[in-house]
Amino acid sequence: MREKETTIYLGPQHPGITGNMMVKLKVTGDTIVSAETHVGYLHRAFEKLMEARTWLQCFPIVCRICVPEPDPNEENLSRVIEEIEGREVPERAKYIRVLVLELSRLATYLLWMGGQSGSMGLYTMPQWTVGDRDYILDLFEQLTGGRVYHMYIWPGGVRRDLPEGFGDKVLKVMDYLEKRLKDYDDLLFNNALFYKRAKGVGVIDKAKAQEWGVVGAPLRGCGIKHDVRIDEPYEVYDKLNFIVPTYEGGDVWARAMVRRQEFEQSISIVRQVIENMPGGDFYNKIPNPLNWRVPPGDAYVKTESARGEFGYYAVSDGSLKPRRVHARGPAYVHGVSLLERILQGANIADVSFIMNSLGTCPPEIER
Amino acid sequence: MEVSYDKESRKIVQAIERFARKHSLWVLAYGTGCGAIEVPPTMTSRYDAERFGIRGAATPRQADVLLITGYLSVKTLKRVIRTYEQMQDPKYVIGFGSCTINGGMYWDSYNTIKLLDMYIPVDVYINGCMPRPEAVISGFIELQKVIAEGKAEGARKYKENLDWYRANQQKIIHNWNMPDYNW
Amino acid sequence: MEVKLQVENEILDKIKHTFHSAEVSIPRKQRVEVKLRNDLIHPFLAYLKDTLGFKHLSHISTVDWLEENEIELVYIVMNYDNLVEVIAKIRLDREKPEIPTLREFWPQIETYEREIHEMYGVNFLGHGNLTDFILEDWEGIPPMRRDFDTVKYAKETYFNRPGREDAQDVRTTITKKSGEEIPELAKVYSVRHLE
Amino acid sequence: MAFDIKGILSPFKALNQMGKHPHTVKFPYEEKVTAPRYRGLHFNDLEECIGCGTCSTICQNKAIDMINIEGIDPSSGDTGLRPRVDNGRCCWCALCVEVCPTGSLSLTTDYIYVTEDADSFLWTPGVDNPEGKEKKSFVSDSEHSLLEYARVPMRELEGSERVKSFAEVVLGYSEEEARKEAERCIGCGICTDNCPVHMHIPEYINAIAHGNDEDAIRIIYDNNPLGETCGKVCTRRCEEICAISKRGEPVAIRWLKRYATERAANEEMVKEIVNPTILPPNGHSVGIIGAGPSGLTAAYYLAMRGFNVEIYESKAHAGGMIMYGIPKYRLPLDSIDKQIEYMESIGVKIHYNTMVGKDVTLEELHQKHEAVFVGIGFEKPYSIGLTNEEAEGSIQAVNFLRAINSDKHVEIGDKVVVIGGGNVAIDAARVSRRLGADVTILYRRRVQDMPADWEEIEGAEDEGVHIKPQAIPLELITNENGRVVAIKYANAEMVPDPKGGRPRPKIIEGDEHIIETTAVIGAIGQEADYSFISEKIKSQIEIKRGRIVVNESQQTGVEWLFAGGDIANNRADAISAIADGFRATKGIEKFILNKEN
């Protein structure tokens, strides 16, 4: 019997990831023959808006680029400005930045765990992990004044010092999360159902991974050990002990296991940061923001976000406003060209599952 | 089949209807902007919106509430209009976040709409950027109140002023290749 | 502290040796910046990828130099073995920006080029799929070009909520009270809205 | 099938959770407390706020409008405007809080704002939520504020170095320092309200911050031709109400003006940069009596408008009090020459050594010119009212300073006592110090009551001037040659004024002292000499407390006679005189042109 080719539009109404995008699938039966991504539903023209704002005014905007994980954006923009300007950042600020980045990574992984299991019908996980993520958001609220959008990392340091007794609160949450990780293991990571569902699904070819522009956990899930925190240490990552886990296979399961290990590593990093937090200034003040000019120049900096390498390229022409700020998120490759490629041959039910495991984040693709 | 009531019993039936409606608000799972990030915490264990009969619905035809979580790009607006028109009565719209009210931080963006109520009728606004889960729940409680008072008339307004809404919509959606849902 | 830039200098030498016209510099550790002639970008990236092992293309960035009537393309490629990134810059004529596509080197470049075509109007010859990417039914000049005024466009296209017309300008309020007359040449400096 | 007891029992694990406090926040029945630095809705302390609008400037969402509010009126240092936030725009980033110079704006722990009415999101913090005062959470303090509250310090000569010569004490900002200082300005313009001339302060500071000094010079010369003088010796009322001064040191407006004007090193450069538009002669003529700041200002702008302007100056040098009253270590002769020469180069004519009333009469001037402006200043010192005041060795400060500034020698010996606490007294003291004398200032009240600038007082102390406050001089003691050799004074205590004014000094009986001295310099004020005005004209003008009464365009009771400077205002500073001159320009122009029609 000859199977007829059908076209299915998946999305843009919530394809099961953080944001809206559409995948146009050509299928025969349940098997995807070809996939075509359509993005642009969340395009706000951030890069255009930044050109119309002063350097400091860009900060409330950049954190909106990646909704679930805003902090790498702030950190990146701060660092790219600092690099053009040659501004020093106090040691304490660097530690606080790492603390924020790692907390943000934990929060993102918790949300991802919920999404990953939700997309295979395991609805208990999101109830747990998203609920637990809220404790991290509470910490952010204590530290920065905002739950989701922090606007905390600024050029020259951070905006406010750690509040009284914050370290203990963080450690308490870390203990709690470590305890909960066992529950997550029972329910998801050691779950035979998950293993069977995820093994061999959405495979990235190890030989092609680098050429395809794969970064972050998907790259490490192919057994290639690369992490910006090690490759090009920023802030104080070169002073902290952590391992970069890798798994072979390049499939959803490998990526999940990489993230699970990194979750543990992040908890350890947060503890080290709290333990080694130096005293001193938290902020090397910028001049009056109404008259703050960044000298002409350009720079490219990158951060390892929970999704992978997050790069910022900024150009200053010496005026009050940036000439150009370009944000390159990992999902820009993962969610568009890579997704199209690895969806071929997968099942329809795998689409959302694979998208989740790649960390697809449309607001970051479109900006 | 149309059942005719006398004036008194219509009132009683309406009250019962409204009571039922307000305690079963199914929200279409269409996170349109960054506000969608505060919806999962609202819906899951920490804030547990299901206490109020609020839960997600996968398709427009089963949903009662269209939660516009933030800005709408022109491209999304087209899909949202289509979704809204597919929804069955009674239906309500909540404008979530500053950007639905007056453009918010995207006030000068070329790709996002600024005033949501120019394109689809809005019953309740929740201010904030972003609104916390508590504010979201407050918004729903307000919506329940509005429903109980019989003031949530957005859908009727849309029907009555369809031409006005269409004109606004078509001002920015250049290629209007959408089916007509027989208003 | 003296930073050893051995690897970077090796790459610099190799590039200089092969591409005589290229301006090569090392802005900092792990970065090599190259300014190229337009027609050299194709062989240059081929050389980087195949000979020097720069396998990962981070991104292509675009800068619109309106005053100089040029559009700059910035290719950032990385070598995962020695962890150096090469930033290659070329400048195209803004009136007619054209450059052959690089699809054959990196498959994902298709997406980048589509976006740049859409946002800056750069034509990638031989790309074959320069269709709408992010925008839908966009008319007029590509939005990321600097001569596109997004504030003006937003004002004309969308609505603004009324009720804010009574806003006062602080400087005008003061001059009205004191009777100060600000001369024309000073007015550019009294603009406070950082515009 | 094996019997799996574990599998059967494991669901009962859930019973562990029984009795435990649930993880769910039972909102709205139970409130979750927001963080102490939560960023919610705005609150504005209406009393603290000065309406500078910096919040509105920094807001990248254009969410903040400055509006008039009933019950809040503009005053000195307050525009009377208050911010209103459009919550349909605000993103709670709190940049507005970080740049608020007064710290009045803050964010609160309130965040719920739910309504059906889309038009209700405009609200005025502080007016619409007075209860927010108790809920302030994200506040601005000087530590976290993004504004720079500390001034770039001005480099000065060391005190011991200064007394050796009449070299200028203040060294001026370098380019880098000036840019840095100019960057501190938030450009609100509140300062311009207090400046008598209403100079375009934010504009020229902004021009300096932009690195465009020439534009700054042009902006300064727009309504002040003596910008360089003001840059050195202005009493700077503007700095008193600078928005930054609410919590820190005001922007050094005076030093920045000094920096900009000094960029034009000589009068040719000034002319080249300012490049004033001089209208062709209009056939009208104006006479000006006195080449002091008010007269020079009027002359400059009238000359630019095509009038034939002639100044009659009794002395050999133009400048009036800025030439003869201010010591050269504050305002060097070169600088004055440069400014006067620039004015002459655009067509101002000055007749030196021409005393009105002696060499030429006021009536003659009226014959020659259509209008006359009088800016003669206060030249005649008040007597100090002590016995032996006329004795040798007792000098008046104005005469002393005039003599020194005219390069004449004045014998003061090595032990000088200065009586008074104003700027003139301090100047006399510091000049005496430079002549090598040991100087003591006797002042009736406390140091904080001294009318002199605090910088001047500090400068004097640095140079080793002794200040004896609460000391009332009683008599001058002379020797057999009739020369002053000592001064007798009594210590005083401050008693509250029964009328409610500032505390008054009261002599402590018996607490009298004598200081040996070689010269006593009196500096307790001056008055004008109106002897050149004929009785006929005098009867038509009103003189109140030694000052001529003028209308808002400096016109006296005689329509062709205008007056300005010390004789028309009680501010006793150069900038007020310049303002008078500037106003008179407009008044004279209007008067002459109206007459023509």
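Letters A, B, C and D mark the chains as written, and numbering starts fresh at 1 in each.
Rule of thumb we're sticking to: contacts are C-beta pairs under 8 Å (C-beta built on N, C-alpha and C of every residue); 3 or more make two chains touch, one makes a residue touch a chain.
Computed from a predicted structure; not experimentally measured.
Of the two chain pairs considered here, B-C and C-D, the higher C-beta contact count falls to C-D.
Subunit C has its Cα centroid 39 Å from the Cα centroid of subunit B.
Taking each chain's centre as the average of its CA atoms, subunit C and subunit D sit 47 Å apart. Subunit A and subunit C have Cα centroids separated by 23 Å. With centres taken as mean Cα positions, subunit D sits 54 Å from subunit A. Shown for subunit A are the residues in touch with two or more other chains, namely 40, 43, 45, 48-49, 52-54, 57, 60-61, 131, 149, 290.
Those residues of subunit B in touch with two or more other chains are numbered 45-46, 75, 101-103, 105, 107-111, 115, 129, 132. Contact with two or more other chains is made by residues 23, 57, 60-62, 86, 88, 91-92, 118, 187, 206 of subunit D. Taken pairwise by the contact criterion, the protein chains are fully connected, each one touching every other. Residues 12-14, 18-20, 40-45, 48-49, 52, 60-61, 64, 67-68, 111, 114, 126-128, 130-131, 133-134, 137, 147-149, 363 of subunit A are the ones touching subunit B in the complex.
Within the complex formed with subunit D, the residues of subunit B that make contact are 45-48, 95, 98, 101-105, 107-108, 115, 117, 122-129, 131-135, 137-139, 141-142, 146, 151.
Interface residues of subunit A facing subunit D in the complex, by the touch rule stated above, are 53-54, 56-61, 131, 138, 141-142, 144-146, 149, 151, 159-160, 163, 283, 285-292. Of all residues in subunit A, only 39-40, 43, 45, 47-49, 51-54, 57, 83, 210-213, 215, 224, 226, 231-232, 290, 298-300, 302, 309, 311, 313, 315, 320-321, 323-324, 326, 328, 332-333, 336-338, 341, 366 touch subunit C in the complex they form.
Those residues of subunit D that touch subunit A in the shared complex are 23, 34-39, 54, 57-58, 60-61, 91-95, 98-99, 107, 137-138, 144, 146-148, 180, 182-187, 206, 209.
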